[in-house]
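Order of writing sets the labels: A, B, C, D and E. Residues in every chain begin at 1.
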Amino acid sequence: QDAVSDGKVKIGILNDQSGVYADFGGKSSVEAAKMAVEDFGGTVLDMPIEIVDADHQNKPDIASNIARQWYDTEQVDAIMELTTSSVALAVQALSREKKKIDIVTGAATTDLTGKQCSPYGFHWAYDTHALAVGTGGALVKQGGDSWFFLTADYAFGYSLEEQTSEFVKSAGGNVVGSVRHPLATNDFSSFLLQAQSSGAKVIGLANAGLDTANAIKQAAEFGITAGGQNLAALLFTLAEVHGLGVEAAQGLTLTEGYYWNLDEQSREFGKRFFERTGSMPNMVHAGTYSAVMQYLKAIKQAGTDETEAVAKALHEMPVDDFFARNGKVGANGRMIHDMYLLQVKKPGESDEPWDYFNVLSTIPGDEAYIDPAKSGCELVQ
Amino acid sequence: MTMIFGIPIQAFLGQLLIGLINGSFYALLSLGLAVIFGLLRVINFAHGAQYMLGAFVALLLLQYFGINYWLALIVAPVIVGVLGAIIERTMLSRLYKLDHLYGLLFTFGLALTIEGTFRYLYGAAGQPYSVPSALAGGTNLGFMFLPIYRGWVVVISLIACIGTWLLIEKTKLGSYLRAATENAVLVQAFGVNVPLLLTFTYGFGAALAAFAGVLAAPIYQVSPLMGSNLIIVVFAVVVVGGMGSIMGAIITGYMLGITEGLTKVFYPEASNIVIFVIMAIVLLIRPAGLFGRDA
Amino acid sequence: MKTLLQVTGLNAWYGESHVLHGVDMTVGEGEMITILGRNGVGKTTTLRTIMGILRERKGQIIFDGKDMMDVPLHRTAHAGIGFVPEERGIFATLTVEENLMLPPVVAGNGMSLDEIYDLFPNLQERRHSPGTKLSGGEQQMLAIARILRTGVRLLILDEPTEGLAPVIVQRIGEVLRKLKDRGMTVLLVEQNFRFASRVADRFYLMDHGQMVADFPVGELPERMDMLHSVLGV
Amino acid sequence: MAQAAVQPHNEPRVVLSARGLTKIFGAFAAVKDVDLDVRHAQVHALIGPNGAGKTTVFNLLTKFLQPSAGSINLLGTDITRTAPDKVARMGLVRSFQISAVFPHLTVLDNVRVALQRPNHLATQFWLPMASLNRLNERAEELLSAVGLSNERNALAADLSYGRKRVLEIATTLALDPKVLLLDEPMAGMGQEDIGNVSSIIREVAKQRAVLMVEHNLSVVADICHHVTVLQRGEILAEGDYATVSQDPRVRTAYMGTEEA
Amino acid sequence: MSHVAHSTNSKPAAEPGVKITTSATIFLLAGLALLVVAPLFFYPIFLMKLLCFALFACAFNLLLGYTGLLSFGHATFFGGAAYFTAHAAKVWGWTPELAVLLGVVGAALLGLVMGFVAIRRQGIYFAMITLALSQMFFFFCLQAGFTQGEDGIQQVPRGYLLGFIDLSVSTNMYYFVLGVFVIGLVIIWRFINSPFGMILKSIRENEARATSLGYSVAHYKLGAFVMSAALAGLAGGVKSLVFQFATLTDVAWQMSGEVILMTLLGGIGTLIGPIFGAGLVVTLQNYLATSDFPVTIITGVVFMVCVLLFRRGIIGEFYASRVGRWLGFEHRH
């Protein structure tokens, strides 16, 4: 029998390509995946590698329909990226049922490698715990001991709020309240007003993408930052900083698993990526590249694209590329690697375009991520 | 902190003001709908899309021609109005003879097409449009920090509403419009070009929506779907107000905006649905709506 | 006498019901014509079809030498025809004066506002009140006055005396005669036979969507039998 | 109504009565303080100039309009606040001034729809259409009574105006009403229909009350037992045709000075 | 009395319905046979989706086509039932048939409430009110705990039909869906060709006259509304089992728009038109799902074209065409 089913390896990139998270991953992630395939040589075990992609519009039902169709009728072997936790959870469950590999780079919830982990599911770029430790920790350290959360009303938001709260509380702070807003809200004014009248020192934005950008903008409009309250953009990346502009974003503290201007290796990828997409990569783009690359390597190592074997290889192989230094994959599917605490530069400070961050510190992987043994994943004994 | 009904007065007044701002948009949009419905008997489902178009045109004018906010506030509505007029002339006008439902369905399709196109071209994500520098910043009202721009929105929308009201109540054109609302055929028999009037009306209604869109751009970002959910709320506003009067549309718009704002203080979970609940109650008590004339 | 309006083989429909079955009539310049007929025979329909309000129609309408079949409704008035509908069509949301000023002037020889107020002093008195607050008679005056301003050459009136007190009917009769003296052509539908016989030069008798007879006022006595059978008068 | 119950013993009993019936549209009183008694086995005519409020009175009596003041009593029950369909089920059925048929149903189906209700065959959504066939016999009877048998399979829309009015009467009779309200039943009818319908009305009035609006005075003279003249929403005169037609006020307000 | 809903020359006329011609029977049987063997040739999930939407559209058409009421809120019943069914199957572990039944009952109740408010107005008002009320339900679902917000109820077990037929087997599920579909259609067919349906038709033709004959128009409309809601719920409940999912998509107003499109495209007031409409829309969506081109544009354009040029829809045009008439489908206009 053929080592590679159907004579080719087909990877599906399923993500938000037109919605609030389109900049966060979007079409550029597809590009990153293609770069990985090209860099790998275009074939694995002498079989061609193909990338397909689709827009799931942040709707879990649409995503799982597409995934189902990919698996059932289009011989897709693995699905990656999966922006938005609700989507990622749905597709991971389906992939598990269909015995297919999924590698999540876009979504954040720790449930992917916790309660809802899958033997064939991997979580690559970051997660809510890493964000809580990074950004949450940094603000608590600066004296932000009372928090109010603005939370995106779905799995991701809950997870981020919960983990940040835990972190705040364990550091001796308290949470004075929270309010949930639907995904893709354009007017945050009344939520912000609530946050303002709560008197909390830190307003934790447990949302992402444009929602965060809008909240930040409107907070400035309502004089909230000027009034002495601090904003914690718990999930904010280079892409959103670019969209919002340094003027408005300056001084924000954030956590990413990658920054293009970190060193030679990361700059090299950044430049190539920029040439193809017109923008610098964030951790999702870089993470997607890394995930595709690692998946192909695993096939090569396993000598087949059969799911069990590849999953085994993925669990065993160390990850070491421009994205993940000292990366390793836990039994729960979590790829553990170092994260970076970053701060947005002031408008004058940038030396070149897209040079937005100062690196405040490196968060070692074992600190950033939950110990697989304590993750609540049933696969970890 | 001073409390009112167990709520800090600051939060109370703040939400009240935000409600007023939302109410301004409801009023402007339901006014446009009322004008169009009054004469054409068409429920303009594309109103939300035209609102979005207004914002987008302003954005594109800025990006490609460097036309600033102030100019866009006039140019964008004109462009959208002309577009609306063309659509009325070439397509919508064929449907007047039919059941009014077809007008609704047509404009629904139009809305999907416009929104779909912009979504295709610009993605569903919003794009920033900055507050004009003259209106940047804010002022501390004591109970809250009021962004000047939002204050401006309240004022200008009130002016636009009153202006429209005056246009319709106090001018010759307005008297044609009102008369045609009552009996279009007779007005036409008197030698008034009612088809042209209809075209103008639709264009004007669309322009009003676009005007609201430009006003909204700096607040809500410019996004292809900015109007699609709003329009449904505005429908509810219109049902509550009743289709009879222009003034009714305006007053109900502000009133419901404020009600919604207050709900956010007292029972935030219900703030999304309070307008619909009010609509249901009004329908049960007064099927013609608060200011409606037909029963 | 010059022919002002020539109608030939006019058919008209309301949706699926065929109401006019080939109406033929001629109206000379300066004539005052009255169409008689029972309820529902199609008199109003004839007027509405000539006016172009009812557009599901076939046949020929020539006004002042011009084919009116393809003229859009809003150009009909500009061609010189004015219409006073049966239901009067006073606009409720407009004041008396706004109602009066509403129809655009189509020719120079219309009456001035002063002349109109001279003719109908009641209207001047009530010029700022809403149109529908007027009494039935005043509404009828307003409906006629409104058209007189515009300077049309052919005035089409649908039952101008319906529901009006005799004194007002008399006044309207006087006005119509005055207009005739000014050279205006009038086409009238009337149930009030006495009134019609006082003002008209010529009659058309209508039945079942057709003109069944046509005679000058002088022949009225000898036509009484036929009128009796068709109208039941 | 107390007054309605008191009746001269030589008169048939009152089945429908109105007291102080008033309808105000905005500031305009279309009907003012009208008292009306409609009696069993009589044809009662309501006449008056256009706009006098006759149709409005009909709308009030059938509850299509809610009276501004006054009360209505049907067969001993106060129906001032009753819904129109309920009133119809109680036995008060009307026809419309503008023809009211179901245009895209066949003539037979028009009558059958009307028969469905009294035969309790209206809400059964689980029965096949064929279950309606047991109404056919009665429907055919009604059609032949009004002379529409030959057109039974034609669409109502395709009938001439007069035939539509005839059909409307047939559907109305199908309900076997106790009180029948006819709004200008003869309007637009050819002479032959008028004769026919007159005799139908006379016939049906033997077992029920009929209130009709009619401009055709020879019909009124011919079949009506009692005439009420309305003018500007008020009752101007009342009595039998001979009396009313001699009333000078009626002659000026409505009939004119010519002979009818 | 308003006649918005029945102005005669605009509404597509009643369908041949009552008399079943021989050719109609042949077509029907052929169609059914085709559906029975279809899974051999097509992706079963796709077929199931199609059947669910076809049933949904037929249920919707029951209201629009036969009562003249344009509901812009049918997503509430479709999506609401999906939630109920999904919740019952997943959380309470009900068997699929009971879970679906719960969906139907739930949808009928929602229909009763929405209908009660909405039938107070006619025509466009009715449409706007149903739209607004369904938007209210949407927000309710967004916030209610059991719907799981944006995440939706995921991984709904298909379970065992009657306790022993494993529906996670695709073929079993397909025939279950097909069965439900056929039952749904039979109910609709019976409903419109019943004494009740006759009254509905007459109400659509002339509401004031129906009232004067003593029919309580509001009750009949409400009856039709509830029936339509329940059947839409049947479709929605089954769909949630097919996809093992219940989400906001199904209660969003776009879904109501979609079902209108399906019906309009297939032919308002024809029994089988909506099936074709649904087939076309679902196929199109499937085809476009993984392409770049947004479905909305096409949907919108199709909408406008249908309204402007062929209001009778595919089947309506077919009935009216020479071939259609030759085959014995009369189409009245």
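Structure notes:
Simple rule for what comes next: contacts are C-beta pairs under 8 Å (C-beta built on N, C-alpha and C of every residue); 3 or more make two chains touch, one makes a residue touch a chain.
For clarity, every value in this text was computed on a predicted model and none was experimentally measured.
Note on connectivity: the fewest steps through touching chains from subunit A to subunit C is 2.
Ranking D-E and A-E by contacting C-beta pairs places D-E first. Using the average of C-alpha coordinates as each chain's centre, D ends up farthest from subunit B. Centroid distances built from C-alpha atoms place A farthest away from subunit C. Taking each chain's centre as the average of its CA atoms, subunit B and subunit D sit 48 Å apart.
If each chain is reduced to the centroid of its CA atoms, subunit A and subunit B end up 38 Å from each other. For this pair, subunit A with subunit D, the centres built from the Cα atoms lie 77 Å apart. Note on chain placement: the centre of subunit C and the centre of subunit D lie 33 Å apart, centres being C-alpha means.
Shown for subunit E are the residues that touch two or more other chains, namely 8-9, 142-143, 292, 294. The multi-chain contact residues of subunit A, meaning those touching 2 or more other chains, are 18.
Shared interface positions of subunit C, defined as residues touching 2 or more other chains, are 16. Within the complex formed with subunit D, the residues of subunit C that make contact are 16-17, 39-41, 132-133, 136, 162-163, 166, 192-194, 208, 232-233. For subunit D in complex with subunit C, the touching residues are 26-28, 49-52, 103, 157-158, 161, 184, 187-188, 190, 215-218, 252, 256-260.
Within the complex, the subunit D residues that touch subunit E are 62, 64, 83-86, 88-89, 93-96, 100-105, 109, 112-114, 116-117, 121-129, 131-132, 155, 157, 171, 175. Contact residues on subunit B toward subunit E in their complex (touch as defined above): 41, 43, 91, 94-95, 97-106, 108-117, 119-120, 229, 232-233, 235-236, 238-239, 243, 269, 272-273, 275-277, 279-280, 283-284, 287. Interface of subunit E with subunit B (complex): residues 4-5, 7, 9-11, 70, 117-118, 120-121, 123-125, 127-129, 131-133, 135-136, 139-140, 142-143, 253, 257, 260, 264, 292-304, 306-308, 311.
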